[in-house]
């Protein structure tokens, strides 16, 4: 029997018939992701938001409602929204940053978009904000990013100024994604990490990799003297 | 059916009839909060204390008894006290800092008061004690504090000298709350964090936010050189 | 019905009749302690050892056998030993540092002795070894140590040079305990923490407090500049 | 009744009859190891790989398939391979670094080989790469390494330049093991730790010990000033 999660991503344009089962399966999977991230202190204080694409053209997302504790998400707390942020299924308001999710799915044809808000990304994005991004290189963990074959890969993680105005911020995100077609994620300054993947598993792997790399970079800067 | 937890906060002045159920529900919820905080090392060594308001005028609290392991709280270990710290329900001595809880509920009309004792708050409150407080600004996580709409918010977290004399300390807390009507919490020097909320969930969210922000500030200070 | 754990400490000289039940209860409790410490990274790599007194005069201990994973202890892996380290119950070799446990129970009339081996104690004991100890003061967490009433308490945590020769090391421990009758614990240099209590709960609380205080002290030292 | 895990290591040359049970038992044990390492952030982002020897001469390994989440390993995801990396049992591609596992089992007669990829090993191996290794000495935790009797032991942990070319890298590993016959592990630069043991338990203990020691060394370097 076909895995409904995988098929929801592959023939994502047909949202009908077993749409309910797909939605519930993706929501359940994202709720599990939330528990793991919360345990690692990556989504404290109701921060973070998660989505999976039910369809990419037109964009339809299963996405977290706003203001929820990410360690105690229940599948029924997810919403289905269309590309105008209209809630098609579920009750509640979608995450404030829903527009960014829509933009990422559109630009990258992503199957899932995950946003974490860790101490490490907050520190690192503040330290490197003036440079507009962080260069990550020489680290084996980079090989876990989709399509990367060697630790010699150079990953530019753009840093975008934080804003509460979602429409202009979404436009900056869209431009940034176009300018850096190879980027696997970006940071909002002192706000956190966005990354994505072909499916939830890949997006989750990318979160783990970037969180690892950011922690590594800050801890390396903490060593005050040469050996 | 109405949620007994929510109703206990809304019409909190009528403590009768289903008072038992309310008390037990709040105690059970605070016990769960304790387990989560203990797992994060925020209430080691029997430190920390938690309360929820059964009534605000006059003040009646469900509060932790003193000297308990916060990772293994049982609902029956909670006490009900009135505004003179008299134990109305349960056996044991209330937390030494009960007066501070009473003062906070009175001043802020809080539905719940939580106190954690983390490494980060101990370090930060020592470093900033001479300044009388810590200014937190520019960080997205601030938006999780009740009523805050933007990361451009400036939060002043007052630091109060630590003391073992609860009556005078409660007066300083009361004065501090009056002087800083917008503050969402305060630190006792090298002792820990107090914050509160309309209900237990909001108070817990505030703890997570302040603990995140304090860890972020100390870790940022650890980076010894400019980029 | 009387709690067998408490009674085992109070009238500890009579080891008979329900001695089996006492031993099993203490071993089960210490095994639980081990799981918690392992989860906090305080007893990695089979490090650490734990004991509880079945009798104090003459000394009889329930103690961990050597070389066991402290996160997966089973009660049947504990040994009963007398003051000459003879194994009276159970199979296996007692912890190499059994003599230190015996010395502590003798000197302090302790009901339980716990030894952890954390990163923080390793770092701190190395940094302060030349001073012979660490002074801890001004920190509220000190109040969790038995008999301490105020954060203004000054706790001297002696540091003893590490050694693989247990008989002379036990003599140094004995002398150190006599020289510092108010000390609630001591460090072996780059080896770890020993503390104790009237019962297992108190000893566990002391571990949590000292581990918290050591982490706090090292993290405070990491901040390279004044505010 | 004999423990099938132990016997699989002792008379490892006879792979027949109850080979299925051995394979499944080793795979189940390695899957548990993976869960513990993932919880400690040592194998994020599908990093890390684990093997146990079904036979040492000729080498036959139960080994993780490539690209799997190490926190959710299932025994059926393991492969059996021979010394030419041919898959004898199971479906999927073996870990990219399978050749290194084979080399280690050959050189050290190891019963199990574990590779973690922690923040601490990444930082430490980068800092010490130019020296070709890290000297660890004076630390009690060293005593947990097989055959070490005292904290005065000096452990040289070689650092090998990272590479994506497995055949030449395996030759460097083989030479390094020959040059340092007493080494209990080695680092790949900014990639992670390899260690091994007579069985899975010993290899796991070695991981815990080296991860502890590396964290300790980096944290010690973070203290910017003398006491």
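A, B, C and D label the chains in the order they appear, each numbered from 1.
By definition in this document, contacts are C-beta pairs under 8 Å (C-beta built on N, C-alpha and C of every residue); 3 or more make two chains touch, one makes a residue touch a chain.
The structure presented is a predicted model; accordingly, all values stated were derived computationally and were not measured.
A.B. asks: Fit subunit A onto subunit C over the CA trace and report the rotation angle, somewhere between 0 and 180 degrees, nearest 5.
C.D. replies: Fitting subunit A to subunit C on C-alpha positions yields an angle of 180 degrees.
A.B. asks: Any idea how many Å lie between the Cα centroids of subunit B and subunit D?
C.D. replies: About 45 Å separates the centre of subunit B from that of subunit D.
A.B. asks: Find the geometric centre of each of subunit C and subunit D from their Cα atoms only, then give the gap between the two centres in Å, rounded to an integer.
C.D. replies: Taking the mean C-alpha position of each chain, the two centres sit 32 Å apart.
A.B. asks: Multi-chain contacts in subunit B: which residues touch at least two other chains?
C.D. replies: Within subunit B, the residues that touch at least two other chains are 222, 224.
A.B. asks: Where do chains touch, given as pairs?
C.D. replies: A-B, A-D, B-C, C-D
A.B. asks: Spell out the residues on subunit B that touch subunit A in their complex, using ranges where they run on.
C.D. replies: Answer in residue numbers: 40, 138-141, 143-144, 149-151, 201, 205-206, 208-209, 211-212, 215-216, 219-220, 222-225, 227.
A.B. asks: Can you name the residues of subunit C that touch subunit D in the complex?
C.D. replies: 41, 44-47, 69, 117, 119-120, 122-123, 126-128, 130-131, 162, 164, 188, 190-192, 218, 221-222, 224
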